[in-house]
Every structure is written in structure tokens, then in C-alpha cells.
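One structure follows; several queries about it will come next.
Chain IDs A, B, C and D follow the sequence of writing; residue 1 opens each chain.
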């Protein structure tokens, strides 16, 4: 069963990134990160983020999140995330695995966002905790959130400052960071380390790379065990130069932002179109490239009759579908879906 | 700073248990459970619970809980507990450790009790979970709860049947199981396996033993890795006969219930006395041997001036104190505390 | 400092594999393995190995080894490897990590090979082990070995049958399996499952792929937790179709064997050339694409003066260097190195 | 089947220790180590060892070893032990569990003793290790060894200084430390911290205590995570005062040494008697309270006919039996066994 706009990773690889990989495939290179492209990642991302950082390419977003969080929270510690966060719902306990048995504690929050008041109250309660507690050591914020909404820079700053007041580090799951930067129109550093983020999962795969995200570490005191953790988890590939090539191309000439703008624009167009259809309701603000759609039973039946399938989003409150656009989503493909839906709903 | 009625484990060892240990100290015995007393534990507890079971003595309640839960939930699984449960607040992540990185998920609930409707909704949502979820595999219920309340047998049956409907095993943290049985006046089997409990942490230390609780396993399919887990965690002591002796004496001639009745009666008397004092409010029903007390700022100041100290209970909603009686709590000691408080509050 | 022939993963990607990846980059595809290329891996490898198998693409050899071994050995179990095996020397404890605390036990053996007599004696001693032992559950054999030697099929059969006699599963670390198959001229199934191998780390990256090895599981009873382990370890990438494309191309038209034959031939030519040089001694039989070289102090000094550097192999017995050829190693590059060495040694 | 002299933990509790426990059972006490007896352990052991130390009572030797080692070696690290050490053969992977997946590496050595030359060579080889190695961080020495032999103070000093030269901490498994101190006639500090020992498993259970050993930490930089590790592993019992009482009595008035001397003398007497019997051979020097006996097939058959059973020691080289004396072993019981054996062997 084929579903429509089921995810941004149905897309392939951006041509610019492909060319960079092709160029990296000339001649020999020192493996395991000893090559020039990998060595240049730190300075390149330092320039991108207006500040020094360590860059560790990985082959999945889960690996990025789990590696990053394990640098800040060990077996005696807790990480705090939103209840809808990917680390909580979709990574099969990768945080618990990489942290050697840490605890993931989740907080609720409308529109996929952590609320600063609730966070502060929760952390304050843990401050005076009894013996034998598992103290929170890191807060993870997802930007773009799992509900397609975007935290403002001020919201991030507030959450991060609350976390730090209580002694926590701050991690950002930026699987869709480009969509957020593109939407906010800010500098990458403004939404990350300047707002209090110590560790970043920098996503690229969903937005044009082949199989490369990165852990970006702004706080140099957190890198101590990185090499051992990479090796021990099998995330230390030999021909890492091909990952470095992807990352270089991804952030060159604003490719990442151009791709993200295209995906965001497609989502806006799609949401606008769908919102006009009978029995369709857009559930969350469409800040980036994700749309959550509630569909009336009658309309749902008509869609099914027309063999139009969306991906179900697992959340309370009835049948909610998730549609995600990518940098490859054309206006034509967006309009075609809206028209197919309109026909299905009105022909009846 | 000495606090009043700070816990049931300030008490020592019941004379009957002491005598049994003394008797066990005659001659030699095969170590590591090869002795007669340890061998007799299974049949003895089988008679006590009206059904077959495996009994594994351990030296702490945390060990009992963590060992028991790890038999039902591994590294890919979640355990569900009340947010106030000892496993969640006071065991430093023992569940995560023994389960090799499982996840502990907590649910709220008034008076320290899980609510069946909320549990059902939560588990129903996990049934249709997406890939990469950490599925719940075991529910742990605390009886007596951490707030001193007692689940009725029907409440336990309902929670257990919901858990089983969704494929979970059921564990009971019975650190104060004797106080519950004494209060309910039921047979031990009625409140445990007949109500759906597969695994029990059978507490004895808080109620007259020296350093012995036990894992009681009603479901024989769960015992497979028990021996390895005991050894691997250092909970396989050589002279286990002294633990077995404690357990035998503890359940003989209703000692455990007599001790529990004494503690429960002392708590009732203490609660009755404290409730009459100005600025004192009993927060939760005093079903067993624990009293939670909210004290007005004015009264609190007077208590402090009189050097009367209670143990603070870490929970939201202002200064709440926890008082716990034990089998050693005499009427005189109860009355003395009430009188000291009354004098402190009225002399002013 | 550039070293000569320092590893097979200095090479890039075979053109045939590149073309397959390019073809996979057309249009959209269901992520996380729902695409046609990934779905076809099982049948394709089934045909290759003359038998049914499960194929799980991963991005590193360490991931392949650790995932595979963790399917056969858990936290209470031991894995047995040669003391020189990659899992023992170079993976930072990945086995211990993925197995949640299993034990790696190593045995010595000349030329990088496990000896059947020693293995049998060792395992026999563990059969009558005392309580509290950590029983061996899986044997891992490296083919090509870390010393560049190759087990005969009979040697593998003998080791595997000893392992099975004592209740162990058998894993093969085939990071260089193509070089072994090419050298032995056998069918892939003959050297693996027909010889008793249950789990295979199928290497491709060192021999022409970009970043793709695979776990191949011949015993279907071992796959139960594979999906959870992949997700939990971050080895479940979204655009896995690009990995599948690499694997398909790699085994098509004998590409993997053609590449391996080229590497093996280059190593033979290089060894032949080096063996004639003064102070040079080839340490192990050059069965595949690796050469271990002992160099006299005098010759070593002359090499250094000529800025010729080899990669030191960490092993007892003085300065031993490791040279590895790849599918990209040309006769010219081989002859050039031999000539440079000869000049350095004779000009003096 | 009852076996003769099968272990020192067949014995019960020394009267002096029993009296101390009885005294501790008067009145109430602050639980979880807040009592006076537990608070006094540090100073008491400081006086005993002529130096400051932290004392953590535990209920098993495995717990002592695993907790202690985990303070010095984490998930990326290795511990080095003798191949016969209890941590390697009998603790079901407790080190791997408590260290969160560390590696245990074993070295051989005659008479149960590590050899300094071999240790130095092994550690030197790891110094220049390649990337991805699991570096040794702690050496564990067993005193009395598992073969009943005793390291001289000079031997310990040599091993410890080699360990430290290579950056390792030193742990001593002193399950039978009293027997060693009694035999060497040295001060406890001389055989431990003055010889380079940082962490000690101080055994008492085998020599007169009920269920109490202790971790003694001489290096104060190693105590950081001790409290969390105790709680997380269930080794933080509430009524720890009863353990403290045992330890105080155990080291008072030289009780531990008096008990050990009695056990050692009984072993000497027993060995002397057995050595005269036909077909009996004492395998290792009887330095303390353990005898290893090789018995000819003919003699073994005669013993069995007379229903005399010894405990088999799992080790290569044929049927070797292990006999262990305790502080309760009387001359009469020793002589009786020798006579029974003589009769069995000569009556035929």
C-alpha cells in the first residue's frame, strides 16, 4: 500500500551532494576520519555556527540522538524529553542502551512543545529529591517538533535557561533543523548554542543527504568519551570521507536551507489546499514541512474508496494523519494530491 | 537530628525471628541454599499462599523489586509503575540496571494508587504503537502504597486484568504486604496470585526480620534466569540458611500478621491523636502503618521550637511529613508523641 | 605521514556499485527497508548462498559483528574468539555493549587461526563448569584471519563441529570473505552454512562498497530480536535502499570475486617482490590480500631515511608491518613500492 | 550427598559476633547507615589498617568484588585477573554487570598466582595498543588465592607496582584475607595499601560472620559513585547496623585472626594426615585453609565404597578435590576424616 507524502526520507539525494560524493571517490584516502574532508568538518561547521564545535558524522538520527545524549547522561542519570519526542516513541530505547541504563522521563505539552512552567516545576521537584532518585542531567528539545511546530528562539532560550538553572545540559534533536532555520530565518548559532544548546543532532538525511546526520558538540567538555562510544556502537565507519563530503555539500551555497525552504513551501501549499476540503481539519500549526490532518469518518471512507492512503499518526484523539513534504515535493505533486482528494470527496 | 517515627526499619528484630536464627547457628550446613531450611521455603510459602511458588530470599527490598521485574521485562521492554512508587523514586535506577536498560514509565494517581481507567487508556495507546516503541511488559503495583493507602482486592483484580488484557505481567511490591493482609483480613493468596499477581516482592525486614525480604514467583515460566541473575548481582549469599530461618519464623504462628496488626493499630492511634491538634491535617487515609501529615506554618514553627522533628515527605503541595509505626511502636510511645506535640502547640 | 598499503579501506567505491547507487536515486522509495531493493536482498543472497537467509545491511563491520554475536550470546553468556580477532582487539568492546555485558574469551593460535584441539579442550573444561560460570554460547571465526591467512573449509568444519558439540553457535567475521572465497574457489555456501556457520558478517566495504556490510543469518531461529537491536543501536537507517543497491551490485556478475581476485593477486605480487629484499621477512602465509613483514633494524633505518612508512601491526615479536592491497591496487603501484624499497636499501 | 570439608561457609557464626548482633538489637536505630555502629566503621578500619579508608558493608563476596571493581573500571575498560579467580569462574559475570559491560581478561599462572613477568609483558603489549582496544584499568589479585596459596608481601608489591606503571588500579579479593594475614603474621596495612592495593574486598562471612563482607577503599578518589552503585544494585540494606555490628566484633580482640589461625592449623593438620595415605597427593602448597588433593583411581574407588565424598575442583589434570577447613574445624573432626580415609584405603 503506497501512502501519500508519508515522510521526508522517501526522497533521494540532492544532486549537489551526489556530485560531492562522486568527487570524494577519486583516489585513496586515509580511513576512519584521517582524510581531509573529515578533518575539515570542524572548521566548516564552526564557520556555519559562528563558534567552535566538534562534528561527528553518523548514519542515522537515532545514532545522533543516542550518542549525543549519552555524552551528557550516564547510567545513574535521567534525560527529559517531550512525550512525543522521537527518542521516546521511536528509537526502541536507544537512549537507555547508549547511556548504559539511564532513565528517560517525558513531559506532556501541547503542539509537541515542552512548556517552560511545567518544566520548571518538574525540575524544581527533583532538586529536593530523596536519596535514591535518578536525577535529570540533560533536557532534549526537538526542533522542528514531532508535531511540525517550531519553537521560537525565545522559547528555546527559556527552556534552556530553566534546564541550566537546575544543572541540566541541553540537547537539540535537529532531525529537521534546516526546516526550522529556514522558517525562522535566523543564524544557526542563534537557535542553538547561543540559545543554550550544548549538543545538537544535526539532521541532513531527511533533507537531501544519503545517509548522514551529525552530532555537533558545542560544549568541548562533553567530547571525552566520543571516540570510544562511536567505536563501541559500530558508528565509526571506515570510509567516513563519503559522509563528510555529504555534509560539506549540504551546508554549501545554502543547499540545506534551499532544500528546507522548498519542503516548507510545499507543506504550506498542501495545507492550504487540504484545509478547503470537506471533513478535513489541520490539527497543528504548519510551521515547517509536516501536516497533521484530522479527517471525518465520512471523508475517510471516501478517501479509502478512491485508494488514497495517508500515514496514521499514533496519537490520542481519533484518526490523525501525518503528511510530510520534502525538498523534492513539486507544486504539481502537491496540487495533484489536493485534486485527487477533492474529486474523491465531491464525486460521491 | 532524631526524627519521630521516621520509618518502620528503625525497629530491630522480632524475638521469635532471633530465636530461629540462633537455632540455625548450630552445626554446619550446606551453603548457597543447599540447606534444609532454604529447601523448605518453597513448600512453606506454597502452604501460606495456597499455591505453588518459588521463593528467593534477598537482603533488600530494592533487590527484590529489581530481580522480580527483570524476570518479566528485559532491555527492550518497559515497566509501568505509579509515579510515587519506590521503584521510581528511591532505587537509583535499579530496574534499569537489572533489566539491562529497560524503561520505567510512570502514571499519576491520587492517594498513591494507580487508576484503572487511566491505566487502560495508557496501555490501549501503546497497543497500536509505532515501530521503535518500547512496549510495556510488566505492571508493578505497590501494596501498601507509598502513601499508606491499601488497594482493595477488587482494585488489584481490575488493574491486573487490564494489564493482562494488554499482555503485561503483574508484579506487586509488597514491602509492607503484611500490613495490607492484616488490614484486609484476607488470605495471602487472595491479594496476590488469585488477584492476578505473577511476581511478588515479599517484605519482611520492615516488619521484624533482620535483613531478609523475598522474591516470590507464582508463574513458574518466569524463573528461568533467576539463579544467574542472583549470582550476577551479588544476591546469592553463602549462609542463606539464616535468611531462610528468618522467613520461616516470620510466617509461623502468624507472627508477620501479629506484628503488622500492632503497627497498624499504633498508626491508627497516632493518627487519631494527631488529628485533634491545631494546624494538623491527615492527608491520606491511614489504611496501614503510615501517616502523612500537613502542618500549618504556625504549628510547624512551634514544633521546631520544641525540637520535635518529622521526616519530610518529598511531594508537591507544601510541607508534608511522613510518620511510620512499626511492630515495636507502643501505645506509650504514641501517646507520648501526641502529648509532646500538644504541649508544644498549646503552651505558646 | 602517509603510509603505503595501509589498508583496503583506503580505496573508494567500485564503478559498478556507484552506478547502482545512482540508479537507486531516482524517484521516491518507502524508507526503513520498505523499498524493493531491500526486499530483494533476502532472495538474492539466498541464491548466492544456495540457501535461505536473512540479510541485514549495516554501515560498519563492527556493527555487523556486534549485532550478529548479540543474537547468539546475551548478558549471561560468553563468546569465544581468537586473541587477534577484530572483535577482541579493535571494536572497543562492541560485543560487550551489544550483548548487554556478555564476556569475550580469547584463545591463542598460530598464524591467526584457532586450533581445533585447543578449542575442544577449552570447551570441554567449560562443560563441567561450576555454578556461576559464564558459559560460552557462540564461537566467532575470522575468515580471512587477522594475519592474512585463510582457514580451509575442512578447518572451518572441524571448528564448527567442535563448537556445536559443546552447544555453541558459530559466527564468521567475513570482513574479507570475498578474498577467502576467491582464494579457495569454493561456493559461498560451502565455506559458511554448509560448514556450520550460523551467522555471518558479510563484508563489502573493504572490497568496493561505500559503507555497507551485512549481517547474514542462516539460522532462522536467531532473528527474533534483530529489528529491535537494529533500532536500539541506531543501525536502522531510513534510506537503506542505497545500501541494498550496493549489495546487489557487489554480488552481481561476480564483482565481489573479481575485486577480491585483483586484491589477492596484488598481494601475491607485492609479497614476491618484498621477499627478495635484504632484511625483509614475510611472517605469515600470504593467502589473501594481507602481508605481514618483519624488517631488520638496519633495513628499517634505511626505509625511514627514504620516507617509506608502513603501518605497524600491534603484535609481539618485534617490529612487524602490515600491508594490505585492495581491488584498486595496480601492478604499477605494487612494483613502484618494491622498487622504492629496493633503492632505499641498496643505495646506502 | 554430604561432602567432607566442602567449604568454609558451612560454618555458622562466631559467638562473639552473635553477641554483638544481639546487642545491636536493642532499641531503635536510624536506618540505611545513619546509626552509630555503621558510622564507626570508617575509624575502626582506619585503625586496623593504619590509614584512612571508606568501609561499605555488603552481603556477599561477589557484591564486594563487583562493586569494588566497578569503581575502577567502567564500560570501556578491562579488568585483569588470574584465570582461576573467583571473579572469572564463579560470579556469573558480576564484573561485566556492575561495570556496565567492561571486559574481564584473565592470565594463567601456576599455583593460582599471577606471575609478574607475564603481567608486565601483557600490560606492555596493551600500552601500544591500537585504536578500539579495551584498555586494562584495574588488576585484581586474590589473597588467599583460589588454590590455597598465599602471595608474599613482596610478590604483591611487585604485581601492584607493575600494574601502576601501566596505569592500572589494584584490587584485592580478600575473601580469605584473615587466613593470609594470620599466615604471614603481618599488619593488615602491609599486605594491602602499603603494598599498593587501592580497593579491597574484605571477607568476613567465610571466617565467622553471618552474612557480611565489606568493600574497603583506600584511595579516596574512587568513592564518588559508591552510594549510587550500592542503591542501584540493591546492596544498601536498611538495617545495616547488624552488618556493622558483625564487622566490629570480627576485628575486635583479634577474633578474625584467631579464627583464621584455627582454620589454617586445621588445614595443616589435615594435609599432614592425608599426605600419608596411599594414592593421595597434595597438589598445591597448603599456605592457608585449603587443600587440593589428587587421588589415584584405585584410592578413589575405595573412598567411594566407604561413602567418603570430597568436592571436586573444576580444573584440568584429572580428579582433584578441594577440602577447606574453617574456624570451627576441630582436631577431632580432622583426625576422624583421616582415619576414615585410612580405614577405607587399607581395609580393602
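Here, contacts are C-beta pairs under 8 Å (C-beta built on N, C-alpha and C of every residue); 3 or more make two chains touch, one makes a residue touch a chain.
Given the structure is predicted, the values throughout are model-derived calculations rather than measurements.
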item: Greatest separation from chain C - chain, by CA centre; value: B
item: Length of the line joining the C-alpha centres of chain A and chain D, rounded to whole Å; value: 53
item: Length of the line joining the C-alpha centres of chain A and chain C, rounded to whole Å; value: 34
item: Inter-chain centre distance, chain C versus chain D - centres from mean C-alpha coordinates, in Å; value: 42
item: Separation of chain A from chain B, taking each centre as the mean of its C-alpha atoms, in whole Å; value: 42
item: Residues within chain C bordering two or more other chains; value: 32, 62, 75-76, 90-93, 97, 100-101, 131-132, 228, 231-232, 236
item: Chain contact topology (line, ring, star, complete or other); value: complete
item: Of chain D, residues touching chain C in the complex; value: 62, 75-76, 89-93, 96-97, 100-104, 121, 125, 128-134, 314, 316
item: Touch list for chain D against partner chain A, complex; value: 32, 75-76, 100-101, 131-132, 225, 227-228, 231-232, 236
item: Complex interface listing, chain B residues touching chain D; value: 2, 6-7, 9-13, 18, 22, 24-32, 58-64, 66-67, 90-94, 97, 205-206, 210-211, 228, 231-239, 242-243, 328
